[in-house]
Every structure is written in structure tokens, then in C-alpha cells.
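In what follows, structures are represented as C-alpha cells.
Shared chain: chain A. Partners: chain B in the first complex, chain C in the second.
Let's look at the complex of A and B:
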């Protein structure tokens, strides 16, 4: 054909001329239409590509582009209508397969048609705002096949049915699924979303709503979470196998909502298996699963955190307020530490070290530790216990670990100054009795306190260590200058700087003459080397080692306190001494004396004295003898004083009072500091600033602050504003 | 495609209009799948050894053999060599048949470099009167506005596209929205709703739609001035607008839908509606608007941020001392990479302002004016214009010359001049070409870079 057209276009290019053969367009189109039929009928091998391409080219060139295009649309449409019928006719399972097969055929045909019409695609279509051939083919497929009334709902139902079957455990042809879904996506994301995804999500929501209801009725919390996790993973896997990747977030959010978000409170509070039980039983795996699942839904972690916090506060409150527990401070603190360890490891293993959970833990501890006013004392006692004996044979690293844990508790304390008070007392006792196990551990703790609270906090504690060292040197000097003292009792004096050490009511006693002579020598030696100092004896804090021989010749070395020594020495010269006589000779304060006699006469195994009448308590009328029948399997016998390790009620009051007393200057100093920089400040702001400045050490009581302000006003540091009485002014 | 086949099978024999050509499928693969040669290797078609190839496996093509030889050579070497006996037009037609027109175009001239430009050709037009504007198209074609007509040339520079007109109103500016469509701004015709701003299809020459300005739900007629487009974000088109009442300012529309999306009203004492030049600054996400002497007696340059409806940077010569007056700014262009705005005065002195600080002064570069003493235009001076290529090279036109400036200090490195047609009233860079429109004769020059050297 088209022989007559050989050189036509050379002339045509310059002038618009009428096409010679009026039937030219129809003829050419017939050829192309035939070719399209052949392509759809898998009969393309007889076609000449070159001729078809040239024909289509000529049609466009001769301004028949519109005819070509509309012809293409109608031809393709009629083919698709036939295809649609054959797909509709497919029965049951073969429906999807037929659809898939026809889709592949159509794609192949579309490619070939586009090849023929390439010139039209490139020139006619852009300038006339038509749909390109490939896109046109997809659109026609969508309108004639996917949106045909007999296919649309059947396709959707088949797909959803297959998904449902897979969910209930059947094996389906995932490859076919993938191809069909891919077809929907190729037709445009709108087709995929409208014709499949939307319904898929609705059906899934319904499915999981029912299933989660079923599960929650019959499973415990751990099991339920396992099932939810499994379902979630299945859906994610489904997306990777045959759905659009963008669906993942949508379907997972459906599962999350139906299976987790909707049942959150019920799961968390499930009886015998809920969150609290998991926490109690350290179920890391279940807790981790809960964390990972709840993290996916809004307020999920908040829910976990709230339940954990309230449980923690509840148990913590019981822990610190249970009177039974308060009997043993070491046990008390150990329990706190155990509790902390437990939750640390839960947060670490199950909650992926989530910062918000760590904060919740800290807040809870801060909350309940301070519910008990004795916590600072107990923590100090715990340290005391550890440093006295608890750390024997423990490696350095382990010591550090224990101390670090103690520091952590310390951080939770509001009244750090109370802790300091107790710590000082306990440290003093440790140092003076030489009971401390490890100097390194002591110093390490002080360094920790220093980094936590600053130099001021520990300067006195460090002073105590210095005193101990200096005293050693002093004693060496003393004995070097008095060589004649080799014989007789040995005196060891610790010179303590006033102020550095916890002040003790100094209750002197009459020392035995041997001792008092020695003491006088030391006094004159010390004052001779240091001018301008005053020494006073703290006999209540000393101790002594004595050699004693009992009635049957048993020899023992007795380790006693200074008071006890004074009493025992009396028996060098007497068989029997009444309470009154002892009191008179020693002048030891009555409560101390009673305690000291009780420890020597009433404790089994330590009863170096005998008392008449025999009884547990010391009466003013009692008489005492050396217990000649005293026996012990040890050569060295340590006779402890009956001292309450914990403070007795009046002592506690006293410590409390001292703490309060110490706080006064600190509050005043803070007030002056603030007012000096602000010049003018109203009452509420002043209170809040002072509280802020001091909370490092303790939580000041507002009424106390108010008292301090009054006192400062009296002393002309501050004045009230004449107009606004709530305003304070600083007076320079 | 049968590319991996053994050497003998790789061979392909063509009979083109009676002449035999032999080549390899590897060579033909260079044409790409979207060409006439693509389907030859597609298994659907099964063309290589079926009934298509008769008589020793020849593949017949009913086309001009001379042109096929050129096309085949282009596919083999990437070089375009047109023998003198073949008209370019014929070759283009054949290349278009094979679907390799893009190959021809990219082989015809090289990548743009202001210092390698060679004069290629001049095209004369028929429209009377002075040229207004010339705009290079992304594909190497151009549009020339003369009075009320816009002539559109494709990259082959034979005017094949129908001329455009917007109600036969005087055209103020033209801009290419994409290679297929261009927007034309024109003066309004009182009370008729004529003029304004329209979007045209290049090939058909049809007006696709008009961009309209609506105030208080009422469509207003307006005169559209300078134009700018932004591809990022959202395909916007900007125009300076002057209306009857208070529609002075910058209008913003969507390029595809033509819907008005924003309007930046002119603030008192600051001229936006009369702007001579708009430029979209992609990095800063704002629009440069320059209204220059002598359209107004003073010069205003500002950067508008449409998100906050703010003028984020501004400069004006209002209140400047008289000594500066003689250096009145005639054009300005922002160079985002250098954080600077470059301006030019009527003596072609270049000046720079820092974009990062508001209220700075112009730093004039002390360029010798001796070169300008050559040939001054007798009547009707053409004002200097500026253009930028890829942020690096700066171009400035003055009289019949275009100067090229390079480097961080913008040193003059080349001068382009062709002594015919009088002063250059406008020029434009695009599609790796430079177009210069002369004011006296209706003629424009095309400058392009030669293809890279053979070795």
C-alpha cells in the first residue's frame, strides 16, 4: 500500500495540502486496527512492525492523529469488554488465575500497541493533552475490568476471603495474590486504596475486634500479649509478601488499636497475671513484650508507667512504714537496695532502659524514702554496719558497688543534713573504737559525698581523719620523750578538734590513780608542745585492755570501756562494793554507770562481776563482787556496753533538735545571700528561692524560714516595705 | 534484547530505501527502548529472524537512506555530521521518525559555558516594532515577544509553532512553565477583561486558560508585568499585577490548575505592582521583586516570604544622596550561592549587596568604563540587563555587547558582540543556548557552545 505516498511529505512540509486519497485515513486505520486485533489474539508474528509504525507515523503526519487516537480507544475498549466476559465466566478458584493471565496478556499487547503508535505517543499526545498510550491502556483496564459491576465486588471478596483463610491457618497462593495486588497498584495508588486497602482494613478491624475479645476472655495477660505479638508479626509479614509497603503502617495500627489500645486497662490490671504480677515475679520476657507492644499505641507506655509507679509507691510505703521492718536498720536499707536492684534490672531487661521509666523509678523512691523521717539515720547505720564488718573479705570493686548504691539512696533523701549528722556520729564511733575495716572504703565514701554535696559537706569529716593521724604522731612523740614509762599501763590519747567531732556532753569521771597520773604527764607534754590549747578528757568515749586473774587462777584479757575499767580497778582493793560506793568513787553519771554495771554483771559469758541480789536490772541497793567462777573459752574477752545501736527516743529528739539548730544559720545565710542580690523581694518568692537554694541539703520548713526572716528583721538585716507589707528590703 | 548473543547473531542488516546497511544490535541499543529500534529486540515482536527479514535476513525500512546513514553514524559515535547535501530540516524529520530527535539535539551543541560560546545564527522575524522580550525554552527553543505577538521557535529554530497573542494586548513578559507550555503577560484593556496573564500550549498555540485575580469574590481585570516560576514547592507562577483599584502587588497561581493561591498586596510607598523583574530564590523560599528606574522614579528591591507574608529583605534608593542618583539601578539579580544581589546601573557598573543583612549599601565594583566608550547608541538607549547561569556565571548586556563575568569577584572574562541589528534590548539563557534580541532590526542571535572536541 501507500506507494503513491513515497515523496509526498517533502512537498507537504511547506504547504498544507489536501491528502490525495480521501479514503487514505480509513484504509490505513483498518490496517492498524487489524494489527491490534491480531496482537490481542496472540497472532502478532505475521505483522510487519516497520509497516505498522510507518502507517501510524503517516496518519499523525497527515493530521489524522485524532482519528488514530479515538480508534485506539474504541478498539481497545471492545477487546477489554470481551476479556471482561471471559474473566466473569471463570468459576471459583480459577477466577483470580484467569484475571492474572488476562492482565499479563493485556500488558504485553499494550506494549506492542505502544510500539506501533510510538510516534503518536511522542508528538500528537503531548500537544493535544491526551493520555499516553500506556496510561490509557491501564485506565481502560481499570474502567472495563476492575470496575465492571460483575468483577469489582467479586474480586474484592475473593481477595478478602483469601486473607481471611490465611489468617485462620490455611495456605494460599501468595504468588497469585502478589500479582493481583501488584496489578491494583499499577493501576494507581488510588485504585489500590479504594478497591482493596480500604475494605481490607475495615474487615481486619472487625476480625481483630472479635478475636481480641475471644482471647481476652480466656487467656492470661502474658499469653494474650504473645498472641497479639504473633498477629502483629503476621500482618507485617503479609505486607512484605503481597501488599503495598505503605499498607504496613495502616494495618499494624489497626491491629494495635483493636488488640492493644482497646484492651489496655483490662490487660494491665488482669487478675493474677497483670502488670503488677509480672513485676512481682520478675517476668522480664512478658514485661518486655508488653513494653514493645504498648509502645506502639498512644498512652501505652504512660499506662505501664503509671501502674508501675503506683505499685512501687505502695510497696515502698509499706516497706518504710512497717514497724516490723524498722527494728533492723541494716535489713531495712538492704530491702530498699534490693527493691531498687529489682526495678533497675526490669527497666534494663524489659523496658530497654527507657529514660522515662528510670525517672519514674527515681521519683517513686524519692517519694517513699522520705515518708520515713528515720531514713537518713538508717542509711548511715547501714553504712556503719558495712564499714564495721560487712566489708571484710570483699573485693575493692564490690565495695565500690555497695557504696555507689548507698550514694544512690542518699541522693533520694531530702534531709541530707540529717544524714550528715548521723554519719558524723557513726564515723566518730568507728574511728575512736578503731573498728573501721577499711580506711580506703571510708575515704572513698567521703569523696563520693564530696562530689555529691560539695566541700562544705565533708570538711569536718575529713578533719576527723586528720585528727586520728595527728594523734598517732603525738603518742609516738610522747613516749619518745618519756622513756621511763615503759613499765606500767600504756595510755593512748586521741586529740580531737572541737567542732569537727560530734559534740558529746562531757561527763568526766574519777580515773584510777595510776591512770590519772599518766594523763597528767600527757597533758603537760601536749600543752608543752602546743601553746594556747585546752585539753578536756572525754572519758565516756575511751576503752581499755586489762589483764585479770580470777579466783581459780584463770587469766583473761578484758577489753572494756573506760568507765568499766574504772569500776573494775576498784575491785583491786575491795571484795565487795555497793552501788553507792562505786558511784561515789568513780562519779560516773548514774545512767552510764548502770549500763556499765549491767554489762559486766548481767550478761552471760561476760559476767566478770557478781551481783547481789541476782536480777536483770541494776538497783541502787545492789552489791557487787568479783565473779571468781568467771570462765570463758577465749583468752581475750570483749565486754561490750549495753548501748542501743539505734537511737533511743530521747536521743532521737536530741539529734533532731541539733539538726534544727544547725539549720537556722544556714537558712539565715541563704536569706541574706538572696536579699543581697535582689534588694527587694516579696515573701512568696523569697520562700521559694530559699527552698530552692537549700534543697541540696534539706527541705526547709516554711514556718521556720518565716521565723528566720523575723529574726533578721529584728537584727536590721531586712525591713518590711512601708506600703506593701509582703515586700522585704535588704538593708546594707 | 538480544545483546548477549554471539558476535554473528549480534549483526543486523537493514535495507533502507534500497540501500543495505549492516550494524550491530549494540549500536542500535544506543537509541533506547523508546525509539523505532527498541521493539526490534523485543521478544514480543520476534522480529529478528521471522518473516520480517526476507532475503538473507534483511530488515526493510521505507525511508531515506542518506539520512539513515547520518542517524546510524550518530548512534555509533555520538557525533552528528550532516553532509552539505542534506538539508537540516530533512534530517530532523527523519530523526523524528526514528524517535532519536533528542539524540540529534544533544549532539548538535555542547553544554553551556559563557566563555566557549560561538555565534551560531541569526533569525529574522516579520513583526513590526521593537522587540520586548526573548525567553529561552528548556529544550533549546525560544519565544520572542514583539508588541502584542509572541513568536515561538522550537530548538530547530524554524518557526513551526503558531504565534501567540493574548487578546492582541501589548505583551509585557513571557515565561516557560515547562518545555510544552508558556505563560504570557499582557496589558489590560479597560473594562473588557482582556489582557492579563494566560497559559499557552507551544505546539497548538492554543490558550489553555487565563490566570485570574479575584478580590472579594470578584474577578478583576489587571495588567500583568514581570513573571517568575517556582518548581519547588508546589509549581507556582508569580506575576506583578496592576489593577484598577487596589489590586497592586504580586499574584501567585498554581501552574497546572491556574487557581489563584495568594496575593501579596503592595505596602504604601513600596512599589510591587510595577516590578520589572521577579526571581524565585529556592533555598530561601522567597521571591525577589525589583521595581527599577525609570518605570518608577526610584528603585525598590525586596525579598518576599509568602509563608509569613513578610518582606524579609529590602533596599531602596529613596533618600540616597544625589551623587548616587546618576548610578540609578537598571536591573538586579539575586545570586543565592554568593548570598548577594547583583545590580547594574546605566553605565554598566556592577554593584553588589549582601543578602544576609538588611539595609546594607551597594558595593560598586570599580570596573574601567573605557571599553564602553566605543560605540554609543545614537537614539533610544537600551538599558543594561543581567542574567545568571547555574549561579556561577553572570551576564550583562549593554548596547550591542554581552559581557561574561566569572569567579568569586565577578571578573569579566568574555564579550559577545555581533555588529548587526543595533542594541541588544533583551537576552536569555536556557537549553544550553544564549539568545540575544536586537532592538533596531527584528532579529535575534543564537549563541551556543560547540560539541566537545573529538579526542
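Let's look at the complex of A and C:
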């Protein structure tokens, strides 16, 4: 609008005073009061909304908001008091229905009233800090109905009674419940909690306390858990149907506490049906249920885990110390693998692959596997058995699976260096007797060991394979350069590098002349191409295939050890030989010779020799003959004695001693390495550093470490600090 | 100086030019001291004598000058003062260590590093007996019955002195085998504790 000069337009205030009739307010209020009555009496259809609204508007405008508001309060209150009486009067079942009905009426009325009084709601009320109409309506309802002395406790008791009935199996009117509870919620969370939820939880706790006591007396663990789970699900369902969602966590806590937490120990240890029984019988469903229920309560899973661990350790301990089981190493290891499989299944199927349980399993295995000092040896023997024959015909994937399982056990071993020693021995025997089922499987396992323990662990093992391959090439070269030998006995030599193979002291043995000549030819051939090396024949590790013809013309091919071959060849030139004669001719040491003769004379199916007298023991004067009556259904007969077996006591002691001796330089090397880099270090830290460095191979004994430290002090590698005797100093 | 030398030559062996064991024995009887007495060891210490059983001229001069003695009579009078001097804590460690090294046999090239058990027992008695009688006696008992060690080295020897000084005896309450005590002392303590139960 432009700045035009205002001409005739002037808006003036009323010049006359507006006289507001004092009775105006009363009259207007009476109209509204009447309307409220009508509304409550379900007679609202006759009212004019527009008129009422204007009336209310006018009252507020003319500063009669106070009168309007207080009028509203008192009118509504008196109506509610009437309503309260009619609700109180309701009998039995109809109490809740009446309450519900009246509540709906009230809400409708309130809605209408609020619409009518909207102007007051928006102007008078905020500026005078009064409660808005809707909220006022709710508060009045709360104060006059819900908190009325005759209704309050009756309401609560009715609700709780219904819940209880439903819990005992009756069907109740859930819709009605939902409406009533919603009413309480609408009245504010304080009302819901104070007037219902608090008590609901208390009563529920009592209920479940009693019920759980009853169940635990008469049910076994699995049944009890089923019941507890059922109740828990019921409560959750109850909440979704007619309670505030926020109550879910509270009621489930109650059930968890009363039914599970309070009875956990008793359940877990229940005789004949507790956790241990479930584990023993692979009861996946029950275990899964227990896991799901217990994880809801503090320390629930911890309890399961502890019981499982102690049970596992106990059974494991029995397994590894049971003398019966120890008789067969392969069986022993198989049992360990079966036990591991069993628990892997349980953890997978019932404990949802929970990492903490997997760790508990690992710890338990680590504990009991190392209780038996022969575990490393037995695991190597198991592997030996598999690689020798057990894996024959098994698919490549299955082979990998088995080897991976063995690696798992290997990881649990504390004394990995003992395993290495045995593995080397057994591998040597397998390679030399040509008795390995699958080269690929052998190599696969070496790779796994290398990945686990590093290059050093397997470098010698790989050296053994290399020697075998190189020897093949050497043999080809040998026969190529000596074509004239094609007719005679075939010599197969494996040249073994001393550092890589397990050392065995070689002993005397006189080879038959045919063989010794051939061996000499090989020796000169080899040394011709490899000057500066020394060869020594290991007659205790060889084998031979011999064609034999017996008295009745039976022909057989015998696979025997070198020693056995020497003995048998003697019989080409003699009918009868005494033990002494054989000993003198072969110069094989007595214990080996006796074993060798026993294996050929005293074992059914392999008795190519006959002995007089027939006893099992070998005496000096015993006589031996070729057994002309020898028979076997097989053409090829294997009599060799070079098979890996469980060591005897003295052998075991010896191996253990060698392992201990090997450990000393390793400890010293670790000590020097650490001190060289740290220069100064105190005793306790040095011990723990050394232990950490060596733990991949074995667990060093602190006493042994101390001995090595003192040895290094004596040899002037280290010294003690002059002032602080706990410190060691590196001497460059 | 001349007088000191004269006394030396009165005990020395004519051909070797050193006082040898015989000479020492004669010296001891003149001093009225048994030749196994600790004071002779103390004298050797004062002289910084290198070889057990022998005194060189240089060593003799060093010792007697320090003791301000130029004849046997004065030397004898100086012995109690010498004893006091050695027993002072600052000197005693040095003396104790010296005692061990003095008893090692062998020459420059092949110096021995440990002493056999029997000799150690005697040496312990001599060097520490007056100060830690009970510890020494028990330890000697133990050394004789144990079989882990056939000889004792300097580290173990010094360790024992520290043991006597620091550890309650016979309570042993403050002994901690997790610390850097020589292993032989760990074993000794274990043996003692077993005896006590």
C-alpha cells in the first residue's frame, strides 16, 4: 500500500465502553455446563457445536477463562463420581466390562469437550499454566475412578486374578484385558507401573517361585527346561497380546530368575539327567535348550562351561591314563579324535558354535593330552598307521580331513619336539621300507607341519624325501654304468644324509659274498662321483626280497630284513646250523639276532625255519633247519621286522634323554639371543621371555633354564649385576 | 726394607727363591698359629698372594709393609688388627671372594674355575665359620649328601655369602626360589624345608 494520505478512513476504538453483563458469564457458563451434562448423558446430538464453541470462546475472550476452567473441573468431577458409583456397583465379571464401557464413554465425551473448549486450550490454559483439557480429563479419571478406594484394589486384584487363571490354563478375554491395560497406559506410565506392573511382577515372581519348586522336585532336567521354556514363551506372548511392550524384559527377567537362575546348580548337577548325562548321550536338543535358557541369566553360560570343562578334563584324564587303552596307540589316538568330534558336534549343534566353548574345549584337551608323556609318540604312531595302510583307498578330501584332525591334536601338544623326534623315526622306517600309502598324503602333512611350526621343524623331514629321490637317480646312474650287473641280484641303495635322518648306531653284519661284492662296486661308483664323502652301510635298516624253494617244491617270495637275509643265505650251504654258528658267521649282535631268528622260526605262517628244541627262547646250542614243510596261502610272504611300534621302556627312556639333551642348546640359544638384544634383564623376565620363545616346541622347565643360565655365567657369556642380584648382564 | 727381605729369605726355599709350603709351615709355628688357621689366609689376602702355598718376595714385601711389620714378632702382633680389618663388611666380601680364587689351581693358560666339594667344605668352614656357624654347618652337610654338583664355582660361592646375609635362618621365610638364587641354593633350601616338616 502506498503512502497515500489517509483520508476518511479512520479506525477508532470503541468510544463507548463495552458493558459486559456480569450475568453474562454465568449465563454462558450455564449453557456450557448443560452441554457437558448432555454429553455425558449421551445426548450430544441435540447440541450445536458452533454455538458452544462460540460461547466458550467468548468466555475466554472476556477474561472469564478462570470461571470456565474451574467450572469444567467441578462438572467433570461430579460426573465421574457418579460413574464411579455405577462401576463399583457392578458385580463379578461385569466389573471390568463396566469399567471399560465407562472409560470409552469418558474418552468420547472428553474428545467432544475438548473440541468445544479448544480456544481455552490454546490460549487461557498455556498462559495460566493450567493442565490442558485432555490431560485434565485423564487425570480426573485417574483420581476419581482408578484411585477411588473402592475401585483401586478391586481393579488390580481382578487383573491379577485373570492373569493367574490364564497361567493355570483357562482362557480369558484378552481383548478386554488389552483395553483395560491400554487405559492404564494412557493414564501415564506412572499409573501403569504403580497400579499394575509393579504388582504384576511381584505376583509373578511368587507364582514362578512356587511353580519352579514344584517342577524341580518332580521333573528331570530336560523336562524342567522344556517347562521353563514354555513359560517363558507364554509370558512373551502375553505381553504382545495385552501388556505394554516395555514390560517384556521385566517379566522375562522374573521368569529367568525364578525358574532358571535360582535353580541352576541343581539342574546342571541333577543325577541321571543333568548336564553331564546330556553330554554323554549327545542330547543336542536338550543341550540347545539349556544353552538358550542359561544365556539369559548371569553366569548361566559360565556354569555350563565350567561343568563341561571339568567333565571333559576328568574323562580325558581317564582316557589317557587308562592302562588298557595305552596298549594300542592307534586306538588311543582314535579315541581322542572321536572325543573331539563328539564335542565339536555338540558345540556346533547345541551351543551355536560359541567361541568361549570352543576355547574351553581346546583348553581341556591341552590339559589332559599332556598328562600322558607318551602322547606325542602315540600320535606319531597313529599317523604312521594311517600313512602305512589306514588311508588306502580313501579319497583325497577325506585324507585331508583326517590329517587336519591330527594336526588339531598336534597343536595341543606341549612337547612338540618329542613328536618331531618320533615322527622322524617313523617316517624313516616308512620311506626305507617303501611302505607309504600315498606320497601326496605324506607331503601334505609335512606342509601342514611347516605352516604350523615353521621351516626349521620340517627342513630335515624334507631332506629325507630329497634323499630318497636323489637315491633313485643315483641307482639309475649306477646300473647304467654297470650293464654287466643286470643278471645278478638287484641292489637298491638309499643314500641318507646323516643330519637329516634319525641316527642309529650301525652294528656289525657280514653280508653274503654275492651282496658284499655288489655293495663294494656301488661304494666305489658313488665315491667316484662324490669325493670327500664317507659311506657307512646301515645293515639294521635294510630289507631284501628272496626267492625260496622248499622241500616239496613250494616256491615263495620272501620279504625279509637284511639280517634275516644274511641268516637265510647261510642255509644255501648248510642243512643244519646252531645258534652259535649263525652268530659267528653273521656277526650280528646277539639281541638282534635272537629277535631275527624268532621271527623266522617261532611265528605261525612265517616259520620258514625250524628250530630244535621248539621253545620260543633261543639258547646257545639250539639248532636251526630250513622248514621244508613251510606253507602259506600267499606267494609273497612278509617276514621283515622293521616296522614302527610302540617303544619299550628302555627305548622310551633313551629317546626322552635325547630329547632333554637336545633341549639344552635350544634353551641356551634362546638365552643368548634374548640377552644379546636386551643387554640387561632381570631373572623373572628372562625366564618368561625364554619360555615364550620356546613354547612352539616345548615347555621349558624353569629349573633347567636356571641351570643353563648358571652354565652361561660360568662360561662368561653372562654375569650377575654387582648391585642388583636379580639382574643379568650380557658379556659381549 | 732390608729387614723385611731378610725375614723373607730366612723362610724362603734357596733354589726357587719363594717361600714354599714348608717355609710357610715354619713361619706358622713361629707365629704360633696353626697353618690351617684363617689368619694365614688373611695374611695371603693382605699380600694379594696369587698361588696357594707360596709367597713371592714382592707379595711378602707388600704384605709386611702394609702391616708395618719388619720382623716376626711385629708380624705376630699385627695379626689381631688384620683380623679386625678383614672382618669389616666392606673388606670381607673382597676377602671372601679372594679366598675362593686363591684356592683355584692351575696356571694362567688353564685356570680352573671350580673347586671340588671337599675342599669347598673346608674353605667354607675357614672363611665363614666364625660368622655364620649354623648356616655353614648345614650347608656343608647338604653338600656332602647331594649328588647334583661335584664342584662349586665362584657364582655359587658368592651366592652362599649373600644367602647368609639376607635370608632368615633357620626360618627361611624370606627365601624366594623364583628369584635369581643359584640353583644349588634352591635345592639346599628345599632340603632344609623337608627336614623341618
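Note that in this section the second predicted complex is superposed on the first by the 709 of 732 C-alpha atoms of A that agree within 3 Å, B and C clash if a C-alpha of one lies under 4 Å from a C-alpha of the other, contacts with A are read in each partner's own complex, and residues count from 1 in each chain.
Just so we're on the same page, a contact is a pair of C-beta atoms (placed from the backbone, for glycine too) under 8 Å apart; a residue touches a chain by one contact, two chains touch by 3 or more.
Not measured: the values here are computed from a predicted model.
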Key: Dominant toucher of chain A (residue count), chain B or chain C   = B
Message = One more residue to check, A:122. First (chain B), second (chain C), both or neither?
response = first
Message = For A:714 in the superposed arrangement: first (chain B), second (chain C), both or neither?
response = second
Inquiry  = Contact-wise, after the overlay, does A:549 reach chain B, chain C, both or neither (first, second, both, neither)?
reply    = neither
Inquiry  = Taking the superposition on A as described, I'd like to know which of chain B and chain C A:531 touches: first, second, both or neither.
reply    = neither
Ask   = In the superposed arrangement, does A:573 touch chain B (first), chain C (second), both or neither?
value = neither
Query = Which chain A residues are contacted by chain C in one complex and by chain B in the other?
reply = none
Note = Touching chain A in the complex, chain B uses residues 34-36, 38-40, 42, 44-47, 50-52, 59-62, 89-90, 93, 96-97, 99, 180, 201-204
Note = chain C contacts chain A in the complex at 113-114, 153, 155-156, 162, 178-180, 182-183, 186
Footprint of chain C on chain A - complex, ascending = 682-684, 703, 706-707, 710, 713-714, 720, 725-728
Task = Can you check the complex and tell me which residues of chain A touch chain B?
result = 6, 9-10, 13, 44-46, 48-50, 53-54, 57, 108, 111-112, 115, 118-119, 122-123, 126-129
